[in-house]
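Going by the order they are written in, the chains are A, B, C and D; count residues from 1 in each one.
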Amino acid sequence: VAGFLMDKPPCLPPRRRKNSHKGSYGDVAVIGGAETMVGAAFMAARAALLMGSGRVFVGLLAQHAPTVDLRQPELMVRQAASVVALEHLDVLIVGPGLGRSPAAHDLLAQALQHSAALVLDADALNLIAATPELQALLRQRRPGSTVITPHPGEAATLLHTDTAAVQADRVAAACRLASSFNAVTVLKGCGSLVATPDGRWFLNTSGNPGMAAAGMGDVLAGIIGGLIAQRLDAESATLVGVHLHGAAGDALVADGIGPVGLTASEVAQEARNLLNLWMKTNG
Amino acid sequence: VAGFLMDKPPCLPPRRRKNSHKGSYGDVAVIGGAETMVGAAFMAARAALLMGSGRVFVGLLAQHAPTVDLRQPELMVRQAASVVALEHLDVLIVGPGLGRSPAAHDLLAQALQHSAALVLDADALNLIAATPELQALLRQRRPGSTVITPHPGEAATLLHTDTAAVQADRVAAACRLASSFNAVTVLKGCGSLVATPDGRWFLNTSGNPGMAAAGMGDVLAGIIGGLIAQRLDAESATLVGVHLHGAAGDALVADGIGPVGLTASEVAQEARNLLNLWMKTNG
Amino acid sequence: VAGFLMDKPPCLPPRRRKNSHKGSYGDVAVIGGAETMVGAAFMAARAALLMGSGRVFVGLLAQHAPTVDLRQPELMVRQAASVVALEHLDVLIVGPGLGRSPAAHDLLAQALQHSAALVLDADALNLIAATPELQALLRQRRPGSTVITPHPGEAATLLHTDTAAVQADRVAAACRLASSFNAVTVLKGCGSLVATPDGRWFLNTSGNPGMAAAGMGDVLAGIIGGLIAQRLDAESATLVGVHLHGAAGDALVADGIGPVGLTASEVAQEARNLLNLWMKTNG
Amino acid sequence: VAGFLMDKPPCLPPRRRKNSHKGSYGDVAVIGGAETMVGAAFMAARAALLMGSGRVFVGLLAQHAPTVDLRQPELMVRQAASVVALEHLDVLIVGPGLGRSPAAHDLLAQALQHSAALVLDADALNLIAATPELQALLRQRRPGSTVITPHPGEAATLLHTDTAAVQADRVAAACRLASSFNAVTVLKGCGSLVATPDGRWFLNTSGNPGMAAAGMGDVLAGIIGGLIAQRLDAESATLVGVHLHGAAGDALVADGIGPVGLTASEVAQEARNLLNLWMKTNG
């Protein structure tokens, strides 16, 4: 097992070519937003848009939900069942506000068989932990096409252990998840870990305790999904995304916005600005 | 009776520990938002979020209301009855836009028996004043677990007197409320008073007449609730919250935003920024 | 007839007293917002709030409309019929998005008999022009309790003449409206005129052609209504409001925001800031 | 065929006359916003408003959609069928989020027979490509009253060829579209082309690959429509609009907003500011 410290921006997305169009930057969809958790899907979708995705679909499970995001009208809002059936998607983010209903289970099963890259978070992970059939679908996916982003509790559920055991050896837990589920794995926490199926791992140094707040995970999933849509491979997108997410939070705190009351929406906006700054500086 | 002048920021929330997660910062819920008064519940909930609460639920009485706050999608919006039943809540804020319907009465009765800390405002106080059964539930609560935030009219109703009598001896009124109802008491007004059940009182010096505006009380309730969720005890959270709320209004007026037309939404935002400044400066 | 040039801020609202509460700053309601014109009512209501009104109600005719303004949750949104029946209102603004339906007619008739001060705009004026019964109600109102804000077309309809005739002698038209309808009258246009029932008139010098845009009239009605709620008399509120509205547009254009594409929403915000600046400077 | 390089702001709208009113700046309507694509119509409408249109209507096909845009309440939101029937409209923008339903077809047929100037985008172009009857209606329109804004794929469909062929000789494709359909034509892409029915063409030099993003076409259509409403002829409005749209994107990127994650909503705002700057500088 080889470990690396991630203390500066890793490989960035390629510069945008002059002769490109929105199709060049990928179609991303978020599957989630069940009743009472609609906001989580919108947060992930906005983050994906701000990372430069060509088009972003919000696929909601809730029957009663806005039909348009008037703060970000660039998003296309639909029912989840019609979105997961779109064959042209490049990235599917499944989990933000998903819940664990039978409908959520079925949508996740469909997503696991989709050719798009997958980012799985929150209840998508809990459903997988509870369902051997979904685990099998996950393991069968094309190598390098899946990212999972558990927090320690979700990691424990996936590993059939408890949170304390995960936290006692975070590197081992992250690496086991990555190899067992054939997925680039982010084990979130103070010093998020990224592990790859072939046994490498990376310790992230950005971020701060102001990010212990609602929606931060949804935004991270959106960021990673949006970067994959920009034609980064899953591992690179995850490394950039995790570091960028924390660095955006750090930049906001340095500006006096937080740590107390720092919001996930602000982190998504700042991540966009910071990524452009990195790309300009390193260009 | 011992009185103190509150002319500078009192004890602040503890610095956030590195190894914390959103569960470390508490689950807050607002119960209110009856038909035509939905906005009040959202204002309190946004303020609680901006004070750093880990998760914030909006429990609405209104049947016709948004299912998500697209300006603050971090909030989780639900029907009030399902929110008050959540056992894991750390703080319940009951009152903003609550109304006095039978449903409001029943929700308040449930909340008074909840193990969470309580912040009671507006029609929650009017309902208590009118209902001996609710008064009994309030008095039976665990010491140090309740805050009430009446304006002089609500204080008069609770004390079965009139507003002029309350205003004629504000210290006495605040202290009587605190001891009689076993609750940290904010008697709002020009120079808000905080009184404790054991007979101490504090006179706040921050604030300005621009804060005589719609929603300011909802935001104050949200601020206090959010601070309790950060692991401040009820008394400390109330002292910090009252001073911070006024100081945020003062900072905005100093910037030319108000006093005329100063909005409660702006005060909630500024309170977040100011609290972070205080914590940085005093660190 | 005595004419005055209004080329600087006229008498301003009184400084806010320390010992005041939101009841000190008045209850304002907007009656309007019929189907497809809901936005007009919200623009007027937001402007009234930003002028410092204690509480602002939005009374909508539309059956399908938001139940809360998530951008300005301080507003209380209700059906028009229940709002016009509120006896405690200090100011009623009738007209923004009102339409000319039978329901609109009935609401206007009720409003004309309300003890609150009235600001009448847009279709409220067209309905009055078409209905002798409404004219009689208007003329019977308490002197100094009504403001009408016609543009030249509406003025012509009220005077049973045509727009060209109004524009040919704007002073005469404004004065005839004021005396005939017993109302402080704003004849809008390039150089808005304010005329009083007793025959004085004022020519406003602020404003610019960027204000020839949707919603500017709604915002003006809201500003005047909000100032009356602050305890200015109708004439003073109208003079301040008209000059402030134009000056806010001028300040924005000076900052490069417009004249092309200047929005009414921006003017309402800037008017709030400018009024505070005036009050500070002249204090 | 005569070609021109468009490397600076072309002829601007006339300065606003002092004695003008909102009727002087035109009535614009957007026809589009079918279910799941509502945001596109709002983006075009907001852009038209920000370009200075006197009044802007949003005519939606979707049955379930907001009845007001609380972020831009100046817009009037209606069902598409009632909007296309408004005789007083100066400009109709048909296409943003239109879809290809029978209802969309019928609305487009009505629009093609309207005396208003037309801006046709997106599915309006796909419907025309598929329907000889609509092509005939388009060709019969008054010269100089129509603008079409295809991307290369839509251009190929209209010309019954493929995208590669269009891209191989963009000038020829643009000129063929302009003369064949009797419409000022924008062939979008890296270096957008504007071609006129009489055979002149213009190569735009502003813009950047950050504009390869959702909604940018909707905003361009809104900008061009809004400029026509300001009394620019269709050719001038298209030239100014195309250059301004790209220049606004460039200005944002220069400020560090993008290219990655640049949003169409931001481009619309910046275009308004930039147009005012141009008009001030060239005045």
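In this text, a residue touches a chain if its C-beta (ideal position, glycine included) is under 8 Å from a C-beta of that chain, and two chains touch if they have at least 3 such contacts.
All values reported here derive from a predicted model rather than from experimental measurement.
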item	value
Partner chains that chain C and chain D have in common	none
Chains touching both chain A and chain B, listed by label	none
Copies chain B and chain C - rotation angle from C-alpha fit, nearest 5 degrees	90
Interface composition of copies chain A and chain D: same or different, split at half	different
Chain A and chain D, separation of their C-alpha mean positions in angstrom	35
Centre-of-Cα separation between chain D and chain B, whole angstrom	50
Two or more partner chains touched - positions in chain B	66, 69-71
Complex interface listing, chain B residues touching chain A	13, 16-22, 24-25, 49-52, 54-56, 66-78, 82, 226, 230, 272-273, 275-277, 279-280
Chain D partner contacts - residues on chain C that touch it in the complex	35-40, 42-43, 62, 64-66, 69-71, 151-152, 189-190, 208-210, 212-216, 253, 256-265
